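The structure that follows is given in the form of structure tokens.
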């Protein structure tokens, strides 16, 4: 009976450790000490939902698929916790003008099927992913590269007129160049994203099969995928990268609920969790002791303004002071502590932590100050109708904090506030797309690349992909364009830092809080760390005998 | 008999098409675009979305889509592919149904055995203590929402007593299915007990019972053959429609106990607007329902000799 | 040789149970004969189940109609200072805090009181709609038989073929604003089939009774036969099934809320609170406990009423 303990055994790690030894039959080799020697071939399991789509480098957008792909593929570069770059498959990535980039690969790398990783592997993969014919969800990532519009023309039903990006040139076996349409100082950081991974020749022979059994160049190779049950990957012994796996492999286990996964963690049936259900949050630190994880990652929750809504656009554009006032009416400290049970950290700006250019306490409109809030709203001409609503998707666990934010606003300013729950994410998105949001809407943003531009340019530029509230300001657009084309990364980051401070004068959204990873792991493993996207770093996990 | 069955089979055809068309239209009318939903917060280029819609045939008129889909099922046993992950629906259903059938069968056995026992005991002792106790017990089960019952069972038996594993593992052992089966079958158990009890209590007063007693038949035979056989019709009717209901109604139970079956698939297909999966599911369930109701009607003839089929 | 598809398709036992043959057809109002309903009423007044459940239901309806009479606290305004303050002040019955506070620092007691209305509306309205729609369909199908029956029965089958919860979930997804009435519609959308089957079965049995033939022989019109003779005698099983189902609908609303598809704030209902309570089950059990008790009590009250009515209407059980 491995499930025999749990609820009663919450007093401390020691007791749980004893129990694990006593009842862990079949799991461990019955070593006397729970933290036995590290087994370099040990396999550990991790909670993971079913990836929503086949495992394509160009189509893996949600966290379940990304976690598996991160093990199977290595990109040219990766970033460290401070946002700086580390070379992985690339020997070097260089540029002089931020417009033409030269990539040199480390020689001798192979795919899991034994074929070599060459410059062509990269160029072909990118051409394939960018082609609208292949309908890859991440194809717009290649928009920076010269000639993208020929592969993915604007407008519905338009056909591509080329099948190769003009900007990509193979120089030799291990070198290729990338020419961008215009200078992008942080393009090097974008290359860490999975969509820029290489693909083997075998991929193009049967792309459908490749989505089910991907062949990558990463630290792990694919073993099996039992749909909705588990995915297994094992260490790739010929891996040449710096991040070689310290374990023998990973089993991704699927659970119907996070509650169930947590129960299994306590019963020793799963080793690493990525997140916890609200039900377990109040007790998990007690349950797990020092195996409880509580760490910030680079994502932010905001309440965005639907600028096209009658409330804000008629008869005249709303004064940013009103939004500033509403922002200062939210008691972020109390809400994160109580309703969100410490799973978020109050935001002090628009750029999330762990990103190049993050500046602590960037702005002060996120301070809770009811008196000032009332004053600002009054100075800005008041909230039209004296009532607001916040649209959210009811299937994402947002209801509690939306209620709390509303209560806080009403209590401190007297502005009536209600949550406008859409049944699910689909309906929520539909309302945003069709510009039917009545007042505010919930918006979240997880980093795509660790540069502050990602949290500003991709969200507030006129017509940017993440700009769904219809925010548009010529002045700000000009500033963003200037920062986007700065000659060096450092200058670009600096300019965006200035823009972030300046955003209080536009208030395109109300920053609420930064996300944290709240998770835990079992006695069997150590070295569990979480990356900036909130996913555990698989290669670093050590499995104990 | 043969003619009767043939007629019933013919009658199934309009029901089959009616139900599948109904669910198809219902799913179609939902707000939200499954293809746009693929891209989450960040959106995608209209060209990409149009390309995917075209590939999936979602740019066709609704009735054409229905016809393509249903003719695929009827003529080629092809249930289409899922929008999200490109998997054939046949395969998805093939993964989900076995474990749910197992769960439903266990729940069915549970409600049959315990429901009938409780009902018979209550019926034979109508108006006495045992009857009232069973009444209260069954009413309580009916009034507790299934998700509360699930959590209670888990807390008591898995965490406090440690008798069961809290979750069904990927091996899907039969022993792990007992707790979820009890939760799933609980409500129906209460119904079966109430139906049996009422039916028994009614028939106890029937003339043929008096005759049987007067003839001096042994008590076991009176209850076992005369009373039981005549009291079973309403119970069997309920049980017949319940098999399909158990399979399609396990949404909550499966979620709580980590069973990866039809219930989770239903929930996922609805929130992701996976029309083809949902219609495929309903197609299977409606066939199950139609066949069981035919079998049940044939069973009546066994239970009640007065019923004959022309 | 009866066509079994006609007599045995009902789900409830009562549909198959013969109607009280000895119930006299109402002939002369002046004589004031003891009718089926008269007998039932006399029986009910002495039934403790009936008395207890009526008192309970009366109170529930009172709370649903005038929640302000029972508490002065607001069910929606919360103060995070009182976040999950769980210690109930049981001595101070009726005060805002006597059952503790929930996640937003709202009074659990006030939410119980204000939640009654939504839950009762869901239960009662769904049952009424289902009984009227399903009952009418069942009666027409059962009485006229032939092709009318064939068409209506197949139509019922079409709706019955979709699992109840699945259908309700899809319907709820279709509505962007989820009010009480949307939930009522979603549950009634597929719920009527059960009632149609019960009514149809009952009407078919009653139709063959002697007093119906007698009325026909006397030249009574279809309407008169249907409403004076058949309906009163076929209503018994329907009432019984309806009262059991009523409790089930309230419980179903809670389940839908648990799945995130039921009522949404700012609407207050027990279902919303129960599903929120499950989230806090490991630390603040009172959030789950009180609305669950209310729900169980309500369901129990209506089912007990149904049992009592069933017994009263069935002369064989006297």
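By written order: A, B and C. Residues from 1 in each chain.
Methods note: contacts are C-beta pairs under 8 Å (C-beta built on N, C-alpha and C of every residue); 3 or more make two chains touch, one makes a residue touch a chain.
This one's a predicted model, so the numbers in the text were calculated from it and none came from an experiment.
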* Interface with more contacting C-beta pairs, comparing A-C to B-C -> B-C
* Most centrally placed chain, judged by C-alpha centres -> B
* Return the distance between the CA-based centres of subunit A and subunit B, expressed in whole Å. => 40
* Whole-Å separation of chain centres (CA-atom averages), subunit A against subunit C -> 47
* Structure fact -> Per the C-alpha means, the centres of subunit B and subunit C lie apart by a whole-Å value of 21
* Asked: Going by the touch rule set out above, which residues of subunit B reach two or more other chains?
  -> 30-31, 155, 271
* Structure fact -> The positions of subunit A in contact with two or more other chains are 395, 424, 427
* Structure fact -> By the touch definition above, subunit C meets two or more other chains at residues 173, 176, 278, 281
* Structure fact -> Counting only contacts in the complex, subunit B reaches subunit C at residues 8, 11, 14-15, 18-19, 22-23, 26-27, 29-31, 126, 135, 139-140, 142-148, 151, 155, 194-195, 198-199, 201-202, 205, 233-235, 237-238, 241, 244-245, 247-249, 251-252, 266-267, 270-271, 278, 281-282, 285-286, 289-290, 293, 297, 300-301, 306-310
* To do: Flag every residue of subunit A that touches subunit C in the complex, lowest number first.
  => 277-280, 282-283, 331, 334-335, 338-339, 394-395, 399-400, 403-404, 407-408, 410-411, 418-419, 421-424, 427, 431
* Structure fact -> As the complex stands, subunit C meets subunit A at residues 77-80, 83-84, 103-105, 172-173, 175-176, 178, 260-261, 264-266, 276, 278-283
* To do: Note which residues of subunit B are touching subunit A in the complex, please.
  => 30-34, 36-52, 54-55, 84-87, 91-92, 95-96, 154-155, 158-160, 162, 164-167, 169-170, 254-260, 264, 271-273
* How about subunit C: which of its residues touch subunit B in the complex? -> 1-5, 7-17, 150, 154-155, 157-167, 169-171, 173-174, 176, 244, 247-248, 251, 254-255, 258-259, 271, 274-275, 278, 281, 288, 292, 295-300, 303-304, 307, 310, 314, 316-317
